[in-house]
Amino acid sequence: MTDQPVSNTEGSPQARAREVIFGRQHDRIIERLEALDPTLAAFTREFAYDTVYDLPGLDLKTKELIACALLVSLGSPPELRTHLRGALNAGATEAELRGALLLCVPYLGFPRVVGAFEVLRHHLEDGQQKE
Amino acid sequence: MTDQPVSNTEGSPQARAREVIFGRQHDRIIERLEALDPTLAAFTREFAYDTVYDLPGLDLKTKELIACALLVSLGSPPELRTHLRGALNAGATEAELRGALLLCVPYLGFPRVVGAFEVLRHHLEDGQQKE
Amino acid sequence: MTDQPVSNTEGSPQARAREVIFGRQHDRIIERLEALDPTLAAFTREFAYDTVYDLPGLDLKTKELIACALLVSLGSPPELRTHLRGALNAGATEAELRGALLLCVPYLGFPRVVGAFEVLRHHLEDGQQKE
Amino acid sequence: MTDQPVSNTEGSPQARAREVIFGRQHDRIIERLEALDPTLAAFTREFAYDTVYDLPGLDLKTKELIACALLVSLGSPPELRTHLRGALNAGATEAELRGALLLCVPYLGFPRVVGAFEVLRHHLEDGQQKE
Amino acid sequence: MTDQPVSNTEGSPQARAREVIFGRQHDRIIERLEALDPTLAAFTREFAYDTVYDLPGLDLKTKELIACALLVSLGSPPELRTHLRGALNAGATEAELRGALLLCVPYLGFPRVVGAFEVLRHHLEDGQQKE
Amino acid sequence: MTDQPVSNTEGSPQARAREVIFGRQHDRIIERLEALDPTLAAFTREFAYDTVYDLPGLDLKTKELIACALLVSLGSPPELRTHLRGALNAGATEAELRGALLLCVPYLGFPRVVGAFEVLRHHLEDGQQKE
């Protein structure tokens, strides 16, 4: 058995990973998931975030850089933008984000990475205007 | 044009990424690649390592944790073991490695991650005996 | 040799799988494939549907739930919507469809499944209005 | 919020999905996961099985046929054998299993499916001797 | 409709693609597929080879180089060796094969390609001894 | 060591692969990559094109047909259109392109290939009007 509680939903004094990652988009993201499927939303919140992401060990910035790379490997679904923003919210610089995406080139090839930089560009351009 | 030199093969006072990552296996790995295909070996050494990996920005430990996650996404080819060892060589703890693999669960699902932990187990068991 | 005829295009008294799956969209889907490439359309109709799908063994509802899961694994291409509708046409309930998509979470991770629920939501919303 | 409890570990009068799927291999599989990583084992048991698999809606045989197809899409990792056996344990016939694998051909192509039939053959041959 | 017959099994004066690709291994490969599943074997022979591969347009050498690249993308399953040999049987030189594998680097990254060169090396070494 | 220079950026009397592949879109494509990330643009130009693509061995038409197939395997990202056009620019006929896409069916299944034919259709329709 493990001492690691799998479901760990009681509030904690320090901010939860999902509060930092989602930032001001937190409630909108949770509501969008609820609208898709309440069970999916519960799994995301309670398992993916409040259990896996809240595991001790790695700092949140490193977790988010890893998450971005994994989303590049999956073909840059919309979640990539959430986690590019999440990495920045967790303290990564734009240069570090670019470094994480470039490191994907030798592992995944160029097409996956070009697609990811397109997502980054959209995020940065929108941000200059309104975010 | 970019100021980033794409091919950057002259020696540098600080250790190159591949020297830290490969450690004592360095010459064996390069020779194995040469035996597979000399052009593939040159691309790996000069582009993947001496150009991409040597980009400034992220520290080598973070790069190697990202590399491990990307290799989990590819189905844990033999390179995963090289980079699990590389992450440890670059200063990651075993707990950090386990954290990086567990973070892959919500992105990639369980089968990919179970396979990666098998590779980690083989590496750690061998290491206790001889490495 | 096998007794299973590979090409089996003669009409049969019971409805063919593709007639149930495509439903009222049948002719539109076939025409769209013909417009893309006549050989591709022939392969789809005669091999994928009239040969593979018409194999005995599994009932059509189960086949379509499996097809939906496979399309989630492929990143939810437009065919996912065709087969979400196909599963409903073959007798699956919306709850069964949701169950099949949720079962993909531990195998494929969240991003693939979130994308699939987006497709399901579009399908259900459109259906309330006009389909 | 959802009424679906995300973590649902108390015993129930009916057999849990993992008890049927793993059958006589249950304790061995859990112990093997514990040896890989206790947190991974807890996630597998409490989230993948006792939460996702225990969702109502689909019968266990259908869930296992879907699981087999998803594992074919992932390149037939060792988990495929566990779930081919799980599908049989849940009441699927060998003909239904073969039907599920053949249905993967038009979605995933032949190489993935040939690999899956190799796993099935190994399972059936071993079973004739000792399992 | 298309003029392209989907199933085209009558003998022809010129060698079928599968006879050239499989060469002396032809009967062994067909028997191995029959032993896995007779329907799978029939689909492979009648659809994949005698229908798709026998389409006019590309010469067989080009088809086999494309096939090798596709199998690299799938993680180099055992079929890769069959088609590396098939490309050589269809007139490709070893240098052309190496060129096709190296071209995969910018599209798929290094790990997939290193795995493919391992398969090529095994094939070439075995060939020097006995094939 | 290899005689193959990894970085080979000096001009040559014969047209570089990227000049033929990109054709009239050359400067637009390079500028778009520069806008995404200057280092990514440099890697693409100097490694992917001026090093890998300029390797001797295969003719450019064959390289581009292989590239198209690899991009189908990646889920037809926007680069597929660039290389469908590149294959035509390098001398492939539309029939040869269709043959390369159809050959992907037995390796990758139908959904990937249907998506690729959609990209081809868009390219051909646009071309009749303006390109």
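Labels for the chains are A, B, C, D, E and F, by order of writing; each one numbers its residues from 1.
Heads up, the rule we're going with is that contacts are C-beta pairs under 8 Å (C-beta built on N, C-alpha and C of every residue); 3 or more make two chains touch, one makes a residue touch a chain.
It should be emphasised that the depicted structure is a prediction, and the values quoted were computed from it without experimental measurement.
Novice: Just to be sure I understand the contacts, which chains border both subunit C and subunit B?
Specialist: Common contact partners of subunit B and subunit C, which must touch each of the two, are A, D, E, F.
Novice: Among all chains, whose Cα centre is located farthest from the one for subunit F?
Specialist: Computed centres place D farthest from subunit F.
Novice: Name the chain whose C-alpha centroid is most distant from the C-alpha centroid of subunit A.
Specialist: Ranked by distance of C-alpha centres from subunit A, the top chain is E.
Novice: Degrees of rotation, nearest 5, to put the Cα trace of subunit A on subunit C?
Specialist: The C-alpha superposition of subunit A onto subunit C needs 120 degrees.
Novice: Tell me whether subunit D and subunit F, two copies of the same sequence, contact each other through the same residue numbers or different ones, using over half shared as the line for same.
Specialist: Mostly same residues: over half of the interface numbers shared.
Novice: Measure off the straight-line distance from the CA centroid of subunit C to the CA centroid of subunit F, and report it in whole Å.
Specialist: Distance between chain centres: 32 Å.
Novice: What is the distance in Å between the mean C-alpha positions of subunit A and subunit E?
Specialist: Here subunit A and subunit E have centroids separated by 40 Å.
Novice: Averaging over Cα atoms per chain, report the distance between subunit C and subunit D in Å.
Specialist: Measuring from centre to centre gives 23 Å for this pair.
Novice: Among all residues of subunit E, which ones touch two or more of the remaining chains?
Specialist: Expected reply: 39, 43-44, 47-48, 52, 55, 71, 74-75, 98, 102, 104-111.
Novice: Make each chain a node and each touching pair an edge, then name the shape: line, ring, star, complete, other.
Specialist: Looks like everything touches everything, fully connected.
Novice: Along subunit B, where are the residues that touch subunit E in the complex?
Specialist: 33, 35-37, 39-40, 43-44, 48, 71, 74-75, 77-79
Novice: Mind listing the subunit D positions that touch subunit C in their complex?
Specialist: 44, 47-48, 52-53, 55-58, 62-63, 65-67, 69-71, 73-74, 95-96, 98-100, 102-108
Novice: How about subunit D: which of its residues touch subunit F in the complex?
Specialist: Residues of subunit D touching subunit F: 104-111.
Novice: Under the definition above, what is the set of subunit E residues touching subunit B in their complex?
Specialist: Contacts found on subunit E: 75, 98, 101-102, 105, 109-115, 117-118, 120-121.
Novice: Enumerate the contact residues on subunit B facing subunit F in the complex.
Specialist: 1-4, 6-7, 34, 38-39, 41-43, 46-47, 51-52, 55
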